[in-house]
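Two complexes are shown next, each including chain A; its partner changes from chain B in the first to chain C in the second.
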Partner chain A sequence: MEGLRNDGRRWNELRRIHCQLSTSSTNADGSSYIEQGFTKVLCNVTGPAEPSSRQKVKQDAATVTCEVYFAAFSGTDRIKRGRNDKKVQELQTAIQKTFASVILTHLFSRSEITISIHILSQDGGTLAACINATTLALIDAGIPLKDYVCACTSGQSTSIFDNEGSTPDPWLDVNYLEESDIPSLTVATVGETEKIVALSMENKVRIEMLEGMIAVGISGCAKVKGIMDAEVRRYGKTRLEAATGE
Partner chain B sequence: MPPPTPLSPPELSYLYASLSLSPPIRLDLRTPTQFRPLVAECSFLPHCNGSARVCMSEAGECIVGIKAEIEKDATTKYVTVIEREKWIEVSVEVAGGGASGPGSGMGIGGISGAGGATGRDEGDGGAAVWLKEGLLAGGAGGWSILDRLVISSGWHWKLYIDVLLLTPTSHPSPLLLSTAVNMALDSTYLPKLTSPHDVDDIPTFSDDWAISVPLYEPKTFPRPPMSLPVVAVGDNVFLDPSVAEVAAAEAGLVVTLSLSDAQGNCDIVGVRSMEVGRGGGKEGDRKGINRKLLRQMVNACVKEAGEVIKGVGETTHQQMFRA
Partner chain C sequence: MPKEPEISLAEKTFVLEALKQNLRVDGRNIHSFRDIQFSFGDDYGFVDVRLGKTRVLARISAEIIRPRPDRPFEGTFTISTEMGPMASPSFEVGRPTDLDNTLSRLLEKSIRRSTALDLESLCIVTAQRVWSLRADLHFLSHDGNLIDTACIATITALAHFRLPVVTVSGEDITIHPVTERVPVPLSLLHWPICVTFSFFGEDDDGEMVCVLDATAQEEALREGDMTVTVNKNGEVCQISKSGGVAVEAETLMKCARKAAEKVKGIDKLIASALRGDEIARNKGNLDWLKEGRSENER
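For the complex of A and B:
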């Protein structure tokens, strides 16, 4: 069954992704900005630097710290989220754990890498956008990673069935409306290896559907990686040309 | 406390000397009334009625989102001025890299009365206070932004102005904040009312953004206010001072102005003193400002502001979704 979703996309189409590197002037060692549809996220990375407190000193590796700020104006209604908000904490932990495993932390012992993320506009797939933005900011900061970490969401419509009574294809890159309507998950992979580093799902779904959703999510990650890689190369080229004066 | 600078006493003294020359020499070779370049864009957040992002090389980055919600008047019969002032809520959040988290308590640019957090405006409540002060100041002929927020009898818009400062630990210039707020206000649109004006029922609005109403009608005056920092060293007056210049200055002011006509004339809507360094003297050795210098500082702002505010306004209008 082939139909269009409420924003006119097919089941396997991503929203428009626009990304930028080095967006911030002097603030941070690396910065990035990503738009996935109407989800807009800004990320600044500082470090590797002297840890801000003694507790964060690890003798054999760098500590990864993550701060997430939801702008009060980011949603449809104005909501202020404090630092101890459950959703903020959850996002911080998810991103921190994901990147602690992908950054080559053993190269920077006794130092700290701080990731600070500002969510400016939310329209579904917030975690995915945060992860993608962080990858770009880390690349901009020149921090060695095993590979790109790319994230994407996928959802499974549970109310629509085709003529044979089987469920249709999962939807790739769900927006806010779809996200609040159907069960969806966020999956993050390392490069093109299809190895999953983060997987998060907050709804109930029948077990048979899960594999299909993950598979579609992974294919989305590969597409996202292509887009991010193209931007990194484009940006790298302009910088190189500026540096060599060609 | 003035913003900390990495300058040593001899460096400060040298800077003080070169700034008090006639004609003065600024570190970045600007003329006394020249502003530094900035990057600005607006109308980029889909969930906001108005938004802006301004980047300055030294002061960092500032993002402003304005949201309007409809609200019932608290009392229908006796709407006092005090209640009307609550129709606008400004909040400033500082999210610096590492050391200065939100609510680090430092007043923005050391503007007097901008220290302690006040009321509901968390974090740097002080900056919220002077931003709002300039906004509420009316224009010629009793014009007030609050009148623009009236929807129908018993209903009004509540305007939430959220300022997000992404700045390093250095000195966030009042210019950065006020430029961002100015652009966001200038690009704010409110949905068009479709229900009658004089009915008490819940108002209804058109879904069509193409006929939405701008908060500040284009080509009318006054325009949204803007605050310009100015410092004085000796007899010289400098606009848009850098961190080092603030540290070397003897007196500082933040002058809030709004454009009052197309020729670029401005009305002063607020003047606040800005904390500066110790000038050429020793610590604690304050000379005070003489009246003539004070007038010179304000005059410099008034003279240059028209062009600056007009320039920012033009940039805003070029970028607006309904240009």
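For the complex of A and C:
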């Protein structure tokens, strides 16, 4: 049992990722569903469309808006989070700002792209799952992006150095139990580059530990990108086959 | 909603080109803060922090309440931030902007979640009476870097604040006025301090330009930002970079180390300002102070 985490993974293993495109065929221009372990997120994208209010009109770029809904049953305790909840607003701002810099907004001036995310189940890495789901939904909607935005979490199992002065390996893709126990961070990268577009950490950690955590997070992002890309290609192929009647 | 005046194209090009050569309009180094000035009020826990033209006022107040039933040993601490047109005409009362939300969440994460304040020390009688602390932040003038200034102001005010002594005998709780017993400082476990970096794209050598303590003009032109909260012991309490330009991990790590270095300086500044105030406050009646302390000069 040496070196295994509470759910049987090793330090550098992701949980199972299952993703789907075009999950809601009528209501949205693009939609997706992603499961990362027991974290389940549904995402719909509408747009580019006429902005819902005049305030949102930008003359030289599209406006990106994001709405996040936490299902009351998504966590361990039944909590209803309203629209004005600080945590919801923070998540919305984080996603909106992340994608505003990655979508080629200058192509759609005076229009609005709305991302709406439904969090159905939370088991750690909620922000990461939301970002991944949004990328897939935007691809499904055919909105031009600079590249995939992939997010992953990583955590540091202990905050002390061992006897040899080296740190234990950080854990990749933490689940809910790990997330509430150990310091963890969420990192989002653009494509396969190691450039970080979003980074968020809410716990106290020694600065020396940070580098390892970020490095492990980035390697996780690359793995997530591979999985998402495979699904996009598989889905594209089935659509093409359906269209050509083969 | 009144919009911020847009920066003219000429000005924009000038500022950005200068930054690419690591020069700033106000002549500062890209990694230097503006002068931090503290002025303390007559009461404990009242501090006015100025960072260049940015000015934030923090006020700590305390009252005794019944604790939450699920946390009978803990006092409460809330930070309230409200931006009004006083700071900048683009802020409206009652309609929080994005900056407003970001700021209150950041302070929450930096100071409350990192357990800078020992909430258990605020307990008077378990499940009966606890202190409820409240930090009110007033933004008087906005010239960039509100987040760092607000964080410095809150920490300074908390370190400056004194709680009245409370004695419990049986059912009775007596709060001793300041004139009767020397009030006690709060138990602050560490001083988390926010440092915000602004990113301005790559310079001629292909390196990201990371600017510290941006002015309002620089903030309007920046391509991305990141806030790191560190204490002087080198513990990172919080990092948040949401969106903006994509930055190499190595650059972000450099920023974090730079932040840790800067925080040590700011920490010293706060400590010396607090010491200065203590000396000024006790001028003339130092005997009174000695009586209240267990230690004395040997």
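Rule of thumb we're sticking to: the second predicted complex is superposed on the first by the 238 of 246 C-alpha atoms of A that agree within 3 Å, B and C clash if a C-alpha of one lies under 4 Å from a C-alpha of the other, contacts with A are read in each partner's own complex, and residues count from 1 in each chain.
Heads up, the rule we're going with is that contacts are C-beta pairs under 8 Å (C-beta built on N, C-alpha and C of every residue); 3 or more make two chains touch, one makes a residue touch a chain.
Just so it is clear, the model here is predicted, and its values are computed rather than measured.
Once the two complexes are overlaid through chain A, chain B and chain C fit side by side, free of any clash as defined at the top of the document. By the touch criterion stated above, A:N132 is placed in contact with neither chain B nor chain C.
Legend: residue contacts after superposition of the two complexes on their common chain; A:V190 is shown touching chain C, with no touch to chain B.
Shared-chain residue A:T105: touches no atom of chain B or chain C. Remark: in the superposition on chain A the angle formed at chain A by the CA centres of chain B and chain C amounts to 110 degrees, rounded in steps of 10. In the superposition on chain A, A:Q55 makes contact with chain C only, not with chain B. Once chain A of one complex is fitted onto chain A of the other, the partner contacts of A:K204 are limited to chain C, with no touch recorded for chain B. In the superposition on chain A, A:Q96 makes contact with chain C only, while chain B stays out of contact range.
Of the two partner chains placed around the shared chain by superposition, chain C is the only one that A:I214 touches, whereas chain B remains out of contact. After superposing both complexes on chain A, the closest C-alpha pair between chain B and chain C lies 17 Å apart. Once both structures are placed on chain A, no chain A residue is touched by chain B and, in the other complex, by chain C. Put simply, chain A touches chain B in their complex at residues 24-28, 38, 40, 42, 44, 46, 49, 52, 67, 69, 71-78, 80, 83, 114, 116, 118, 120-123.
The residues of chain B lying in touch with chain A in their complex are 39, 44-48, 51, 55-58, 60-61, 63, 65-67, 69, 91, 93, 95, 97-99, 102, 160, 162, 164, 166-168.
On the chain A side of its complex with chain C, the touching residues are 55, 86, 89-90, 93-94, 96-101, 185, 189-190, 193-208, 210-211, 214-215, 218. Every residue of chain C that touches chain A in the complex is listed here, in rising order: 1, 98, 101-102, 104-105, 108-109, 113-114, 224, 226, 230, 234-249, 252-253, 256-257, 260.
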